[in-house]
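We just call them A, B, C and D in the order they show up, numbering each chain from 1.
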Amino acid sequence: MRLLLTATGALALSLSPVHAQNFDDPEEFAKQQEQLQAEPNGPEGEPWLQYIGDGMVETADLGVEAPATVCFSNAGVNNPWRVVGFTNMTEELANHDSIEDFVHVDAEGSDDKQIADIDDLLAGGDCDVMIVSPNTTAALTPAVERACEAMPVIVFDRGVNTDCPVTFVHPVGGYGFGIQGAEFVASELDEGADVLMLRILPGVDVLETRYSAGRRILEEAGMNIVGAEFTDGDNAKTKSIVEDYLMRGNIDAVWMDAGATAVAAIEAFEDSGYEIPVFVGEDQQDFLRKWQEEDMTAIAPTYPTYQWRTAIIAAARVIEGEALPGPEWVLPQPAITQENLSDYINPAMPPLHYAMCGCDDMEGYPEAWGGE
Amino acid sequence: MTDQSAAPDRKRRRLPQINPVWVLLAVLIAGIVYMNPGFAEPTGYMNFLKRAAPLAILAAGQVYVITSGGFDLSVGSLITLVVVGASMLTNNDPSATYWVIPLMLAMGLGVGAVNGAIVCFLRVPSLIATLGTMITLNGLAFLWSGGAPRGYLPDTFRFFGRELIRDVPLVRFIPVSVIVLIVVVGLFAWLMHRTNLGRMVHAIGDNPVAARLAGVPVNRVRISAFMLSGLSGAIAGILLGGFAGVSTDVGAGYELEAITAAVLGGAQLLGGRGSVPAALGGALALTAIFTLLNFLGLPQPVRQVVQGLILIAAVALAMHRRKRTGT
Amino acid sequence: MSAADTPAPTRAGFRFERWAPLILLAGAFAIYVIVAVATDQTQYLTLENLIAILARSIALGITAIGQTFVILVASIDLSVASLISATAVLASVVMDGSPAMILPAILAALLLGGLVGLANGLVVSGLKVNPLIATLGMSLIIQGCLSAFVSNFAGSVPPAFQVFAYGEIGMVPVALIFLALLAVTAWGVLRFTKFGSDIYAVGGNEEAARFAGIKTGRIVVASHVICSVCASIAGLYLASRLRSGAPWIGADGVYDLESIAVVVIGGTVLAGGRGGVWGTMAGMLIFSLIDSVFNIAGVDSFAKQVLRGIIIVAAVAFYAIRSKRIVA
Amino acid sequence: MTAPVIEMQGITKTFPGVRALSEVSFDVRPGEVQALVGENGAGKSTLIKILSGVYHADAGEVRMGGEPVHFAHPVESLRAGIAVIYQEFSLLPERSVAQNLFLGREPRGRFGLIDERRMHDETRKVLDLFATGGRIDPGRAVGTLDVATQQMVEIAKAVSHDARVIVMDEPTAALNDAECEELFTTVDRLRERGVAIIYITHRMREIARLADRVTVLKDGEVAARFDAVPEPGEIVHAMVGRDIADFYAPPATEAEIGDPVLTVTGGGNAHLHGIDMSVRAGEIVGLAGIQGAGRVALAMALFGQEPFETGEVTLAGERVSFRTPREAIEAGIGLLPGDRKSEGLVLMQSVRDNGMLTPRAFAPLWSSHKRTAQADLARIDELLDRMEIRAASYDQDIRALSGGNQQKAIVARWLSMRPKLLIFIEPTRGIDVNAKAGIYHLMRDLARGGAGILMISSDLPEVIGAADRILVMQEGRIAAEFPHGPTERDIMHAATGETEVAA
């Protein structure tokens, strides 16, 4: 035992100066703050086709001809956000005759497996275009680079550390998400108000940036951050944590880096007999409905699932040889507010349906998304 | 090894007969109260019991399987399946609760029966058998719901995990889940320590060959043990779903916590010894450890380290005591 | 030994257990071919593809080789997944992009593995703690220590070290050659050394082994050290493959339970004393083939899980159902 | 006369409550076979375990080649050249013959690897000592060999250690006649090579055939020492040393024996062929035979553990066929297993729980553990009292009791079920001499109470003394039947199918 402790001690020493990725990058923060304000190009009301910035890439010379096979290496469908997104994607396919075949392989949340999946697709998939939703950025970079050598690649959600893909589809980003929520809290409350920050788990890039941006704004506004706790995305744990904080003191606002457990957090206030404070949630139906039912003061920043549609659209443009926004296709990232709340509520949809799916007009809606 | 040696042995054993898990629990509770006097208020300890209830019920079920000589790794996934399934079936209809809850309990029993049957008839060791069902049930929960919860649980369903009974003398209020805890653990304790089933479970875990030759219906008893564990999983699922609503990973990790709780309570891995009240003590102690670490402001990683150390220490201590008393 | 009073008919030369992993492997391969042909995707039947399948589960294979040793001595190791994460992070942090640090990083990783194995072995053989609990506890401790210091990819692996995961000699990946060498070495150790013979003796009948003068405690400790060192090699491989180490990669790959499943499907019995490395390699290939079949057939990822659970149980039942022993 | 290679002097060993050995002196010389005889529980095993370092003597001295030695561990004695072949083999069934022979001391070749060829060659060399050893393939897994061949391997293992002293504990128990003869030849060869052999046996003809000297132990003391092999009667007298009539309960009278409770006609399965037999109420039937003759297989077939596949069984006149022990018990059969620890007891449970095990097994699972249709706690206590079980409390773990008391607790389990037929397998194995008589009288009481008793025993004097009728099995068949009181010779004759008896 002692040996082990010494070993881990040594590990600790060797690690302390490292801390690799920087999730509090002022430059990126400023860029995303700006993008939130920017007027997107493209057709209004169809945010999945819109883009921020002017960069375009030509695809005619990529040599793909319709009809073609699109292969998709998916990090996983291991959470409701990805489930909604993947449904968007498969439904979008129906709109594109140029995509003859769609091959989907699922890495079930493992980097190692996703690398192997991409290798499999390259070895025998007969793919013409590949879409990759990387499980993690750094780990998948080499695999994506190899795929780039064989065919055009489109990456979305998380990026990769290479510019070889035709384009990288993503909304504004994590800083933007954090900014929207925290600015709302700051505008609703006075200086010195008590804010509880609830986070899913450490280390996930898209979540870390939300937190760092949120914290920066809250601190700048002079809020008193009573705590920042990890909930593991677990309802029961979320509820327990909030109950414990309520036993110990006051809470004026709850900021969350993702909304899946927002309703559990709200219930903790209800069950303990407290007023529901200012809330930052996300675009899940259950939160939006609770918000409306309880007449809460709240905001729902989003990380729109319509980007999964955009990935297919980008692939279709590659096949058809049309130009598309690139090398980054930055999608707008609207937040749901009191004003437009009722537009997004649909009682027919399941509780963890992400309202900002851009899917309401699609053919299979709502059944394909689990609605009634 | 003979009669004469037994007499002094008995005298020596009278004193430390109290299960160390209760000492541990008392120390932890004292620590929590010291850190946070509010814990001694009904809100404090009732919340604590409410939170510990699902784990305590699971541990009470797990102790049957452990005492019979096996493991049940499938309960975590079963919880998820129960919560997801209940949300699919009730479909926001409050009146559906009355048939969905019995159905879920039956499903727990059914899953246990399948586990037991795989072990008894296919002769797959329970570690592998329940690992298989763990993966399968998790997949089923996702397959059934399509990967994300499809519905809400009506308040009638959530009553057991969420509501309080107010205006109770002495303690002001009692969460319904604490009543469920008392009833279920009481029932499991009675079955284990006051019925033939309990003695048979001990016998097949101690020496299955001898039990079979003595006429014990080994398969029936083993399957019963797995069914009780499955039932405890279903009940824990109903409480967890009630407490916090639907999600697709409610049960993750509960199987190992349940085994840890049972082991803390002195249940002997590979069978022959186990106590339901002590498993309850183990579950409460484990929850108390987590609560204490939370109050101390220690982060999740420290919780893991402490849990690991306690697990090893508890079993090492038990082995040491067993060696010393020569039994 | 009243069982000895039952006249034992001398068993025939064909021993089912020896061939069962091969039968299962052949079955899995047949299914692969059938699915590829049936879905008209014969491009999956090229040599290149078969090599890709072989190389699919290298980290699992390396871990499972180590796991074979501990299961052969009737122990088990649930701490491999956490250890994989820890060594991957340690290696990538020590290297931190510098080729000069490759060797120190490898040594540090192997040392960490050795120490963890030593601790596991001593707790199991010295304190007599049930190995399941001992290594589960160790797993929590490692994971806790690790996440206390890192929460994301930390450090980076220089390109020179990425050869381990991405290099190829001819058509064959370097890592696959390494795995094959490791398997041959492990087989050689088990087959031709006194240590290997002792492992089978300790797992088969600890009492008899002790009477023969074998220091059984040392054998158990040594097996745990081998298992943990294999896990740390798997960690190094993953660091090379992912270009960095993160504290979740072991847990994400479920290497603890999967490596046990692979070993058991390969015909090594949990009670110890019977089995071997080639069975484990067959088990690993069966897992790879199942994955590939799922990919080719486009099986829904949730249905995959359901099938995988059933396959594990069915494969083990394939051996176990013939035994007359009462299991628990 | 050569000097003794082993001298044991004044060896005393006390286990809590039992004086196992008292002032025992014993020696063995190179190139001789020293027979060590005595009843079960006389102290033979304890003496050997002290010699080999498993136990430590409380008093006395062991000398090897004149020098005092202290073996802390069996490995030390083995290294010093003392090899013990126990009845329970310590072979690894999954490993080859050669691997088993050289377990823990494999010959090394290049790079420290096991020199497999040398190992096989040496194995072959050792096996060649045996007349039929040449037929054994050194590479074959031991588990695939039959019991007799495994025995050969066990002996070969001792020989391969270059042992100066080899202890054989009833080595012929599992062998047929031809195999026995082969073993004797091997022993002769070992003797010629100057090996000292301590040969433990019950069988007079083996003593006559092999022994140079004989030491008789009784109740932990040396009862007699013979420098030449005496008449068998002398040995037996020294061994038993008491009035047999009193030790064993008197046999049943004609009047006590009733109708058959059990009949088997043409019973057979993989291990048994054409079994025809009956057991009558009030009768104790002894079942004798060498190890592997199928006695236990017969018991397990009657008990439903490994059922008959052919033939017909009736119990109390009704035709029955059992697929599980549970069905057999339900119909009125009880069985006391031969290996108490691994087949009889639930060691972590209390004495009372062990006694209640079977009654509880037949009560509804959810009903109270204190009362069943057949018994309640008070009745079990009464039964335990009646059998004079010595325990501090019936709540204590049964593992703390002596073998005899443990055996009685198992009997209590069956008494409350009131079985029509009780099968006892090796009922007095590992039980001290005084407790044995208690078990014999208990069996007789049960028979007088109307049950049929089938007793399987490897202890010939026990079978002869306790049974009213004796069936002898050989190779899965019933080879002979004797009324009360045959000689050991008669039984061995029938059990081995030989025509000539050396003693």
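We adopt the following convention: a residue touches a chain if its C-beta (ideal position, glycine included) is under 8 Å from a C-beta of that chain, and two chains touch if they have at least 3 such contacts.
By chain, with names taken from UniProt: A = Monosaccharide ABC transporter substrate-binding protein, CUT2 family; B = Autoinducer 2 import system permease protein LsrD; C = Monosaccharide ABC transporter membrane protein, CUT2 family; D = Monosaccharide ABC transporter ATP-binding protein, CUT2 family.
In this text the structure is predicted, and so the values were computed from the model without any measurement.
Looking at chain A and chain D, the chains in contact with each of them are B, C.
The chain with its Cα centroid farthest from the Cα centroid of chain D is A. Centroids of chain A and chain B (each the mean of its C-alpha atoms) stand 36 Å apart. Measuring from the averaged C-alpha position of chain B to that of chain D gives a distance of 45 Å.
Chain B and chain C have centres, each the mean of its CA atoms, that are 30 Å apart. Counting partners per residue, chain D has 337, 343 as the residues that reach two or more other chains.
Within chain C, the positions touching two or more other chains are listed as 123, 138, 141, 145-148, 302, 304. Across the assembly, chain A contributes 77 as residues in contact with two or more other chains. Pairwise chain contacts present here: A-B, A-C, B-C, B-D, C-D [touch as defined]. Partner chain B is touched in their complex by these residues of chain D: 15-18, 303, 305, 324-326, 329-330, 335, 337, 342-349, 353, 356-358, 360-369, 372, 390-393, 396-397, 399-402, 405, 413. Looking at the complex, you find that chain C touches chain A at residues 41, 43-44, 46, 48-49, 52-53, 55-57, 59, 86, 89-90, 93-94, 96, 111-112, 115-116, 118-119, 123, 138, 141-142, 145-156, 162, 166, 238, 241-244, 246-249, 252-253, 291-292, 295, 298, 301-302, 304. Put simply, chain A touches chain C in their complex at residues 1, 3-4, 7-8, 11-12, 14-16, 18-21, 76-77, 103-106, 108-113, 115-117, 119-120, 123-126, 136, 138-139, 141-142, 202-205, 208.
Residues of chain B touching chain A in their complex: 36, 38, 43-44, 47, 51, 54, 145-152, 162, 164, 240, 243-250, 252, 294, 299-300. Listed in rising order, the residues of chain C touching chain D in the complex are 1-11, 13, 15, 188, 192-194, 196-198, 200-201, 204-205, 207-214, 273-274.
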